[in-house]
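Both complexes shown next keep chain A, but they swap its partner, so chain B is in the first and chain C is in the second.
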Partner chain A sequence: MPDDIVMELRQVSVAYHGDIRILQELSLAVRAGKITGIIGPNGAGKSTALKTLYGLLRPIEGDVLIDGAVVTGLPPWRFIDRGIAMVPQNRSLFNELSVEDNLRLACWSFRRDRARVEAALERAYTQFPILKERRKQPAGAMSGGQQRFLELGRALALKPRVVLLDEPTAMIAPRLSTEIYEFIHGLPAQGITVVLVDQNVRQCVRIADHLYVLELGRNKVDGATADFAQDEQLRNLIAEWVDYRIDA
Partner chain B sequence: MATATPSSRTADRERADRIYFTLAALLGGIVIVYFACVPLLGGNLAFHFYLMLWITMASGFNVSSGFSGYMPFGYVAFYGVGAFTTAILVKKVGMPVLATLPLAGLAGLILALLFAPTLRLSGIYFAIVSLALAAICRLVITNMPETITGGSFGLQLGSHAEPVLSFYVMMVVMLVALGTILWLSRSRLGKALRAVRDDAEAADMMGINIARVRLQGWLIAAFFPAVCGGVEAWYTNVVDTETAFNTLITAKTVIYAVAGGLGTVTGPVVGAIAMVWLDELIWRRFPLLNLLILGLATVLLVLFLPRGIVGTVLRWRPGWRRFVP
Partner chain C sequence: MEILVLNGIVNGLVVGGVYALIGMSLTLLYGVLRVVNFAHGEMVIGGSFLAYVLFHAAGIPPLLALPVAAVSFFALGYVAYYLLIPRLARSDDPESMSFLMMYGVSIALAALMLLLFEADSRSIDYTFNPISMKIGPVYVSTARVVALAITIVVSAAVGLFLFATLPGKALRAAIMNREAIQIMGVDIVRLSAFAFALATGLAGITGVLVALVFPAFNAFSGPEYSIIGFIVIVLGGLGNPIGALLAGVAYGLVEQLATVFLPQALAQIVGFGLLVAVILFRNAGFMRWRVGR
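Moving on to the complex of A and B:
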């Protein structure tokens, strides 16, 4: 295994309700310090792949690896200890609780280490100053974009080395979406590896270093984004599968 | 805009906690003085005893339903087991009543641990299973040898009746319950319980051990009704399965908690005070139509104030949330 691979799905199959296979022998590798994009049509299994990477779903076949070690079956909270954080597609905030309480709950695994919790809060507030302004407000009282910032802030407060993002700009205003993509684009410079699942293929292709295209839960094609741009045949295939043509 | 450093944030929180708990202590002091004066001034002992009992029951139920999202329709099981634990230990083992009350609470905790696998269920499935388990508890105790549980006649505690002392003990139990729930509402555990209630998958992703947090909430919810059962057994001096496992106990607990508003500390307290007072009023004026009118009042309350009294007030005045626990 190359040294730069931090997470990996190896020949993974995942099924819902026992026999409905969503992923079929899917393999993907997450490279350190890069943005790995996962794209594909609806129902391709993109979100399922991300949930499996984070331990929310247990594969019926294959393995999940972190730094080359098999972690299949570990609960999500054990992934936090290994420096992995996730921002799911659907809103995952606790609306009744304040912004600060939402951030504090993200620090649950080290909740007794007061200094570390305070440092995590400070990190989130530095990344997203709006959260500091609204820290006493209920999370549910914020706008959709601000809630997304809180979710990102909550994940990044943990100082992760890998962050898994599922549709980070779903139902977000276009101007704010651009801001969020720019922020994600800057994460590798902070030493944070990104796995990005997105329906917004244009933006995903723009910022990703490596792309995986899924179809019906299987690997269809993958490679460095630059290679996609140079290969006419690949560009045609992408255009056919995800209705987006990568610029040459 | 003022910026908040970690130390100023901590100071902010500590100051808010100080104000919060000072207000709570002040209110607690008023409650103590009020209830302490009832026996001394010849007030209605029974009314106030049951008022405190229902405040405790509704508050305990609130931990399960308001904080954790479980609706245990078999909540009476803890009460009944607590009542029988006290009665059996006093009558058959000869223990002093006061010493049996912590053991009644312990019996509630053991029962809660036995029921813990049902926490895997949710919604109506959990509610139905808990109702069935309460029925099983009742049947088990009913079918135990008469020499232990007293059979259909129940157990009489005989010379142990001490209405005034048991009244004050009930007051202490109520204050401990309210103090615990007040602490819970501000604690990490309380926030984790709410997080798990609202979105278990998201809480799981935060690293919250869902099973452990749910169990902790469940144990707190089970302890207080069990102690209430023990104290009530002492107060009335008699325990039988018909009354100790009466589903009306669960029904009233649910109604009082919902009437006040689940999820807040004050909701079940306000709900219990309002509904017990209403119940008493209807009982005095229309004794034959008591349950009918009370049921009608409950229907109207749920129809027009679905969030309960406190929940509705907080909806109208969201700013009051800072002061209303």
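Moving on to the complex of A and C:
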């Protein structure tokens, strides 16, 4: 295994209700300091792959690895200790709790270390100043875009080395979406590895370093984004599968 | 008539407080664990029998039985959680399985209490001094006033825990979004075990209050309290502890005031009528907050 791979799915199959297979022998690797994009049509298993990578789903076959060590079956609450955070597709805020309480809950694993908690809060407030302004308000009272900022702030406050993002701009106004993609694009420069599952293929292709294309729970093709741009056959395949043509 | 109504209000607040504690426990359990605890009534009656045994066998008065019940039931709940609940998660339909399993547990607990205490109704022959108090124009038994004060203190303590401490907020967060709380790094198994233990501890306390407030209890009294608990959590909104608190008090008031104006048989129907009306016309309960999926 190359040294730069921080997370990996190896020949993973996942099934719902015992026999409905969503992922079938899927393999993917997350490279340190890069943005790994996962794209594919609806029902391809993109979000399932991300949930499996984070321990929310347990594979029936295959393994999940962190830093080359098999961690299959590791519960999701143990991933933060390993420097891995996740922002799921569906809204994951606790709407009745204040913005600040949402951030404090993200610091659960080191909640007794007051200085560290305060530093994490300050980090989130610095990255997204609107959160500081609204810190006493219920999270559910904020706009969709602000809620997404809180979810990102909550994940990044922990100073993760890897962040898993599932459809980060779903249901977000286009102007804010662009802002969020620019923010994500800048994360590797802060030393944060990104795994990005997205229906917005245009933006995903634009910012990802490495792409996985899934179809019916299997790897269809993967490679460096630059290679996709240079290979006419690959470009045609992508255009066929996800209805988006990568610029040459 | 005015005295009767005032009496009904006072009694409604007292029994409503007991119902509120039952509702809060059940709604915490359902909210955090998605477990429909049909055995909660038997756990409550278990608390009543504990107070009975402590008083009649060791001379320990009910007020001192309260901390004993709280601690011992909390510990039992913690153990019971690990014996019963984690295996349910492997089922395709854990909620239905929990209902069936806890129904089985309720039958087993009732049978155990029958074995230990036989079918006779029991009561604690403990009297406070003075035996009753005059509140305005109404005389109320001191036991009921004490029970009301305890329900207020316990409810306030639970409320304070849920709304002012980080573990309490984690419990509420788990009710709102069970997947997200795991992503935050919260060990959902330990949190669930704590919720189960807390609800069982509250059942123990409630059982002591039942022994104080109601004339008698027996091994078969449990289902009555479970059903009232389910009515209360539906009225208050599933997974909403404050809704359960308010709904418990409201249900107690309606039940007791109905006995003032209606024949006993009809009065019992009022509470269930309220339940049907809420399900038909406002199925999120009185309050907006609902359990997340």
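Definition applied: the second predicted complex is superposed on the first by the 248 of 248 C-alpha atoms of A that agree within 3 Å, B and C clash if a C-alpha of one lies under 4 Å from a C-alpha of the other, contacts with A are read in each partner's own complex, and residues count from 1 in each chain.
In this text, contacts are C-beta pairs under 8 Å (C-beta built on N, C-alpha and C of every residue); 3 or more make two chains touch, one makes a residue touch a chain.
Keep in mind it's a predicted model, so treat the numbers as computed, not measured.
Annotation for the three-chain superposition on chain A: chain B and chain C clash.
When both complexes are overlaid on chain A, the residue A:E182 reaches neither chain B nor chain C. In the superposition on chain A, A:E133 contacts chain B only, with no contact to chain C. Of the two partner chains placed by superposition, only chain C is touched by A:H17; chain B is not. Once the two complexes are overlaid on the shared chain, A:P88 sits against chain B and chain C alike. Of the two partner chains placed by the overlay, chain B and chain C both lie in contact with A:I80. After overlaying the two complexes on the shared chain, residue contacts for A:E118 are found with chain B alone; chain C is out of touch.
Residues 54, 56, 75-77, 80, 86, 88, 92-97, 101, 104-106, 108-109, 111, 154 of chain A contact both chain B in one complex and chain C in the other.
Residues 92, 166, 169-170, 172-173, 176-177, 179-189, 289 of chain C are the ones that touch chain A when the two sit in their complex. For chain B in complex with chain A, the residues that touch the partner chain are 1, 3-4, 6, 9-10, 188, 191-192, 194-195, 198-199, 201-209, 263. Residues of chain A touching chain B in their complex: 54, 56, 75-77, 80, 86, 88, 92-97, 100-101, 104-106, 108-109, 111, 114, 118-119, 121-122, 125, 132-133, 135, 154. Across the complex, chain A meets chain C through its residues 17-18, 54, 56, 75-81, 85-86, 88, 92-97, 101, 104-106, 108-109, 111, 154.
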